[in-house]
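Multiple structures are listed underneath, in structure tokens.
Next, two complexes with chain A in common: one pairs it with chain B, the other with chain C.
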Partner chain A sequence: MPKNDHYVIIGNGPAGNLAADTLRDSDPDARITIVSNESMTYYYRHKLTEFIKGKAREEDLTVRPYSVYKDKNIRLRLGQQVDKIDPNKKIIYLKHMETVSYTKLIIATGASPRALPSVSNFSKCLNVLSTYSDALAQIPMINKNKTFLVLGGDIISFKFIRMLKDMGKEVTTLLYSEAFWPFSLEADMAQQVKKSLSDKGVTVISDDHIKSVKKSGEAFDIVTEKGLNQSFDSVYSFLGMIPNIRFILGSGIDTDRGILVDDHLKTNFDDVYAAGDCAQIYNPDMKSYWLSIGWNNAKIQGTLAAQNLLGAHKVINPAPQKILEVEGLKINTSWWESF
Partner chain B sequence: MKNTDRYKKNLIVSTGKNKTYASESVKSIIYSTDPRDFGQVKKSIPCQDACPAHTNIPGYIRCIHEKRFGRAYELNRLANILPGVLGRICSRPCELYCRHGEPDLGKPVSICSLKRSAADFKSPMHRILEGLYSPSGKKVAVIGAGPAGLGAAHELSVLGHKAVIYEAFEKPGGMLMYGIPDFRLPRNVLMLEIENILRLGVELKTGVKVGTDVSLDSLLSDYDAVVIATGCTMPNRLGAPGEDLEHVYSGVRFMEQVNNGETPYVGKNVMVIGDGFTAMDCARSAVRLGAAEVKVNIRKTEEYMPIDDQEKHEVKFEKIRFYSLVDTKRIIGEKGKVTGIEFLRTKLEYSPNPPYRNAVPIENSEFILPADSVIVAIGQQPFPGEISGKIEQNGARILTRESGFSTSITGLFATGDCASGASNVITAIANGRKCAVDVDEFLIGRKRKIHVVRLESVDNTDRDRAYDFIKRTPMNTLDFDQRVSQRSNEVEKGYNEEQAAQESKRCYLCSLKYEIDTTACIYCSACIDVAPRDCIKMIQDVSMNPDGSFGHYTETRNWNNVSAIAIDNERCIRCGQCYEVCPMDCISVTKTERIELNIEE
Partner chain C sequence: MSDIDIVVEICGSAGEGTISAGEILSRFMSEEGYDIMSFDSYPAEIRGFGKCVAHSRISRTRVLTPGKYSDVLIALNDSHSISQLPVLKEQGVLIYDNKPPKYHDEDKSIAGWLEPGMIPYGIPLNELAIKAAGNARGRNMVALGAFAALFGISQDAFIQSVKRRYGKKKQVVIDNNVDSFVEGFNWTRDNVRKIDFHLFDSSPSDVKRDQLIINGNEAVARGALAAGLHLYAGYPITPATKIMEILSKELPKKGGVFLQTEDEISSIGHVMGAGFAGKRAMTGTSGPGFCLMSEFTGLSVMAEVPAVIVNSQRGGPSTGLPTKHEQSDLNIALFGGSGDSPRVVIAPTSVDQCYQAAVLALYIAEKYQTLVILLIDFFLSNSIKNLDPPPPPDPRYLNANIAPGKDELKDYKRYQITENGISPRTIPGTPGGMFFSTGLEHDERGKPVYDTKTHTLMTEKRFRKHREILKEIPEPRITGWEGQGDIGVVSWGSSAGAAEEAVILACEKGLKVGSFSSMVLSPFPANALVRFCDRFKTILVPEMNYSGQFANMIAPIVTRPVMRLNMVTGLPMASEDILKKIKEIK
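Let's look at the complex of A and B:
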């Protein structure tokens, strides 16, 4: 491996960090750079609800403090947004007009909350909770407000609702049939979910759709299709996640819902790999594509992408027993089982 | 000077009360046929160049800014006779090339929606302008009242010929009437603009099928020329088993039924195959016919779909899902009716031709999804009809002479999709019009119109730098329940006047050409200091394009090598900062417009 290699990793989550570690272990002299649009180092995202409750401090969220990056000689660029990639010239363009050249690239940008087209007219009134900075910005508002409406259905919404109830808030949830994510719930499962939420004191509305959300003073007036008209202090939406791939569109790197990679996690460019939630992986045995969700999958894929980038020919195990079919895509659910 | 003042002043000029201004403006206009000026206009105004009809886009957007909606509409009509229609359903090739959409400059100007605003806000029954020629005594038959046929008939009529359109269907409009659903294009808008054409004396014979009710040979003997503009009406077939099962429709026939007011059976679970505008129209119509779940199945991915983002958004808003990377292997049925589709997964592979990707089916990757109905909308081709075997063809298309519209039979011309293959409405209108000019030359024996570049020196940049930061105005649309409650409800509501005015400010007015007079320039570089991007260059050399216009600028940072400071009009965003700051007033602004002139005046 030549000494002047520059490995660039976009994304500072589990996939990105495990990829960086793997590269460093095999190549002590290479330049390694992680670019992240977040301002915090590698942290546990699933502990954000504990953080909001005040049960976890910032240190408790941190997986890896800056000193570890320094010791491993991994350059960390925090708070920097990648604008676009030119895989032919091997350059990434940052939003602040800087360019970074790479010899090999791993994209591990994860996923972010999905805005369904049907709520696009009032998406400005909807809060989402996905990152540390979201949490930090929303803590005062969550503490102050009393009544919450959660447009939910995805697995994170259930955790958020539990957090609100623990904090003594009044919670109403509108279970969005099209938002069950990662997969649609069977009627009896949906009934179970509804019962379990009701038992916790949550007002559950199902078989209805939100029609409009309007800001009125400090509060938000909502109207549903079946005519419910009520005011809430704040409205949250948890309608599933979509891979963060917008900046890749048009670059020549193939995407569908995620970045299309083969079972070695390689994209259609030899020097570009993708790992974690943002990757849509082709499986030659199933002859189909699958997306994965979550921490453990991301760690495994980050490691494997780095190994293959260094010349190994390892094949990702899709763990078929945990894969479910959603909208024609197989979804690996090992993460949500442990959530 | 404020623009409204300028407009008022122009009015004064026209009543002769301000002769100084009038004579100045007359003196500074030049009509050029120099290929360098055409080259410059082509490069500098990318939207106009991308428009198949070469609509004067900066010109009409400026008129909207000045609230001269009637003038904006007429500027459109010079190139495209159906502005109200195109303002709703154009495929917007111009917006892809809008300079405002270049990296780091934001999103393209909403050119198409502004065209609609011109049509919406012109006064009702406004005066339409036509540069009519006196009657020639010649008669021309036009077969087909679609966009190409209407474009040809209109231009023929303007040129003094009697145009008679033969249309097989009951109503004119072709695909506009029978292909595009009324929730995208209200029929009163379409009919009004068709009436504008007919009032020039164009005769319309509907319900007459050439080949059945009247023969092509009789038309050729009865008329001085015949134009075939029959479009592409024959749907492409999948070539997969099961295509003839009940409840399998072709996109064209399905839309025909819907637009005739019929309600074809769709069931709850609808599968659409295809990725173009017709496929989207079918999917959205199916939602309005009561389908609960509609999937649009595409071979490649969303990125390579030939429709714009706005249309994708509307489709998804109506809860239709894109199902990518699938290829139809066969349609499955029971007792003659559709029950599902067997798909193969596909993979993207590099292809040497745009868009550089092929979808390749993966062997043994079959899987089945259920369906109550299937709509196959994978393109159309010309219907051969009576002409088959009589004239030279290129596949199913009618072969026309290179760079023209005449066919292998003298006096018979062909234009629109039946000659070019399936394209879009604006291309068909443009080709219809160009064909009419060819027919005119055939009938009269000489060219009567030429294109020139009109150059007018102006003393105002007409823009404020703050306009550059205005965000693209989103289209106002109906809520979902309003869309499905009545299937003809128009989904897009258009901009209101204020929104149109705001959006019109975003146009850079690329038709204004900025130049530095190097004989007066003192090389102070004040203009470079205020430039918003690398648009003003210290150059040592410049290459020439084959047409003689300036090509690539070779820049230098060494003052000893600087031969000029030049404004690169392909990078310039016409912010006017350099014009304001120049201490020597050596920057000039010239309005450049490609226009059509009568050669014999």
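Let's look at the complex of A and C:
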């Protein structure tokens, strides 16, 4: 091992990148490595819908090209999945069978679309959109298909539905309360959303659940509990996000729904921090944990985790609240940045 | 029909079947009607460990170079293969073992060095090999199976080719290879989503089963055999040893004599002896051995004894870089040795030409009773090309000795001054044909004489042969822009393929650029060169040496500014580098 510190960051989203920048700014000689299981460099996830529509190019998605990492002497390991961590030996194990040692580790692995128990039986038939490679793989199919069913309710679903409508697709959405994310909607708010969607020509079904999804030829036959029986070219699911922590389970790092960290973003190991969508953060006043969500929180936390890892003692707070517009609703939230 | 043109590199450790996998792939692609050029590299020292790379370019159209960058890298050994990543193109495909038996240490796994745009296909090479044959030896064939599945190659056709290749081996060897291939093929077909765009024709139209797949050394050996070589004496040296290996087997079968001598001086001594006795004889060596032979080269010229020396150049000086490519023995080939010593230097530009050059060398040596140096190089010696079997040489090339007529034997003058410089030659033992032979200057009967007149006349006679030879050497190869243009690229030896390729690419881009190369460098077709150069504003001479040996040779002949591209990278000349230089000059 070279004698310089080796800071390893897992995840190349906003949390990971801000952490890396902060580390580099204060320690020009340290070895810094970012590991990402995606093969695309740091990009704006919220522009994926524009990318699918053909309104944004790959360059427009990119926050920072690969060359910047080289310039900053940050080793960016793309397309490499961390399979497990040994926080006692301070080693991460990569899926392609390579070990990497660290002196300090920041976990910033974000979140993935969640599969609610009610849909788990037919999750194979459901499409999700959360990464660039999802988008890339789905573009031909989305362009070709005409009728879409969106199991929705999370905030990304509304953006996706808008995209489909802009592309002239026939859209049916099944909204149900478990699917609302990252905030639950009161009955009157849900009503407003339904109206707004209907006005756009979307068929909205509510208070119902999927009973079965069957593939028949190229299409999918859907049956709901209330007796709807219809065929769609594709079915999408937007039921909220869940932190990416599977690879940590059993490592000794405490987890619940996310990675448990104190209000300095430190885990139960002194040299392991977590930031962004994967972190579940302790609030001493409330004596409970909150899950971090959204682009801005990830940026703030990435920066703060790196500062604390370098010796600061800063306390994390959620991003300032802003008004977010969703289908005619005005929501005051710190969870989501309206881009 | 797909117009595919791709470079595949297989990289592994010696003993992992890297080179044989490359050979199997090249052979198969050639049988399927593709043009191939391969170039393997392996450790400098005795084979058995270290990094090996089998590099093959496979194309629908004729290839002139092996290509500088690769489209596909098959990593049989991670840590060796990492150093091949810089030559993998931006959108290049990597096939690697994603389930090795144990974890790689940090930075020792190739998958850890992927860059954006590269397309990795992780295949459990080790696991699949064990599944197929009970051990990991067949990883190379598993990798070929994965390659075949990914790139649209027919499983059946490939298996038939493997069976043909291993035809004489034990059944279990054939089965293990085929099973490993099939395992890799099926696993990849069922588990990997293809995201690159390379595809071969699934049913190629012009299947060719009878092509030769040989390297330059083999082409030289075959050419020499076809030209009636009688004796080969040599001492092993990289990169020429293969010529010796082949002839040690093949020459005795044809009634010839093969000798491994104690050193290079002895080799050339034997060649001179056989030449003196009227037999076609040849030796092969590389720079260091050639240095040792230089004393005898003068004797060949002076005593007018036919001799052919193959010099496969490597990096120098001294023992230098045994397994690296260079073109830096031109000066010693042209001028090495004492005195005014005209010698013929033939530098083939391709594997095909190596065959013709060997025939020509033995012919000229015999007919003109002189020294012929066949100058090849590490790249030509090792680059493998598929070619149609060459037709047997024209009979006039086979029996070229000009013997004295009955009348001439009445008063026989072995070194008779003649118009074309050739004196009728008797074979020792010919009644009435006795003569003195010596390295000293001599009169027409071979008696040592040092007077001014004799030395002048004899020197002129020896040089006159070159005027005659010039009349029967192949025409220089001229390609590219045909009118008045900007840059004329003049090249020699194995760099000529890269030069020609660069000129084709430049012309496609609308540049007015032409290419000139001559297989025979001494005597040199200067008139043809002058005519060529008069059409261009600037002349560019690309060559793999530092001092610009060929550029120095032609600069006084041409009336144009001569620009140089000199490199000593140890690698073959790349068309990309010449093209870049052309653009800079432009």
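By our rule, the second predicted complex is superposed on the first by the 317 of 339 C-alpha atoms of A that agree within 3 Å, B and C clash if a C-alpha of one lies under 4 Å from a C-alpha of the other, contacts with A are read in each partner's own complex, and residues count from 1 in each chain.
Operating definition for what follows: a residue touches a chain if its C-beta (ideal position, glycine included) is under 8 Å from a C-beta of that chain, and two chains touch if they have at least 3 such contacts.
Quantities reported herein were computed from a predicted structural model and do not represent experimental measurements.
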Greater residue coverage of chain A in the superposed arrangement, chain B or chain C: B
Partner chain in contact with A:Asn268 - chain B first, chain C second, else both or neither: first
Touched partner set for A:Leu249, first chain B, second chain C, both or neither: first
First (chain B), second (chain C), both or neither touched by A:Cys278: neither
First, second, both or neither for A:Gly79, with chain B first and chain C second: second
First (chain B), second (chain C), both or neither touched by A:Met40: second
First, second, both or neither for A:Ser288, with chain B first and chain C second: first
Partner chain(s) touched by A:Lys211 [first = chain B, second = chain C, both, neither]: first
Those residues of chain A which chain B touches in one complex and chain C touches in the other: 97
Chain B partner contacts - residues on chain A that touch it in the complex: 84, 97, 117-118, 120-121, 178, 211, 225, 249-250, 252, 254-257, 260, 268, 282, 287-289, 327-328
Touching residues on chain B, where the partner in the complex is chain A: 103-104, 301-303, 313, 316-317, 319, 321, 323-326, 345, 347-348, 350, 356-357, 362, 364-365, 367, 369, 479-481
Residue ranges of chain A touching chain C (in the complex, touch as defined): 39-41, 66, 77-80, 93-101
Chain C residues within the chain A interface of the complex: 96, 98-100, 102-109, 111-112, 114-116, 120, 122
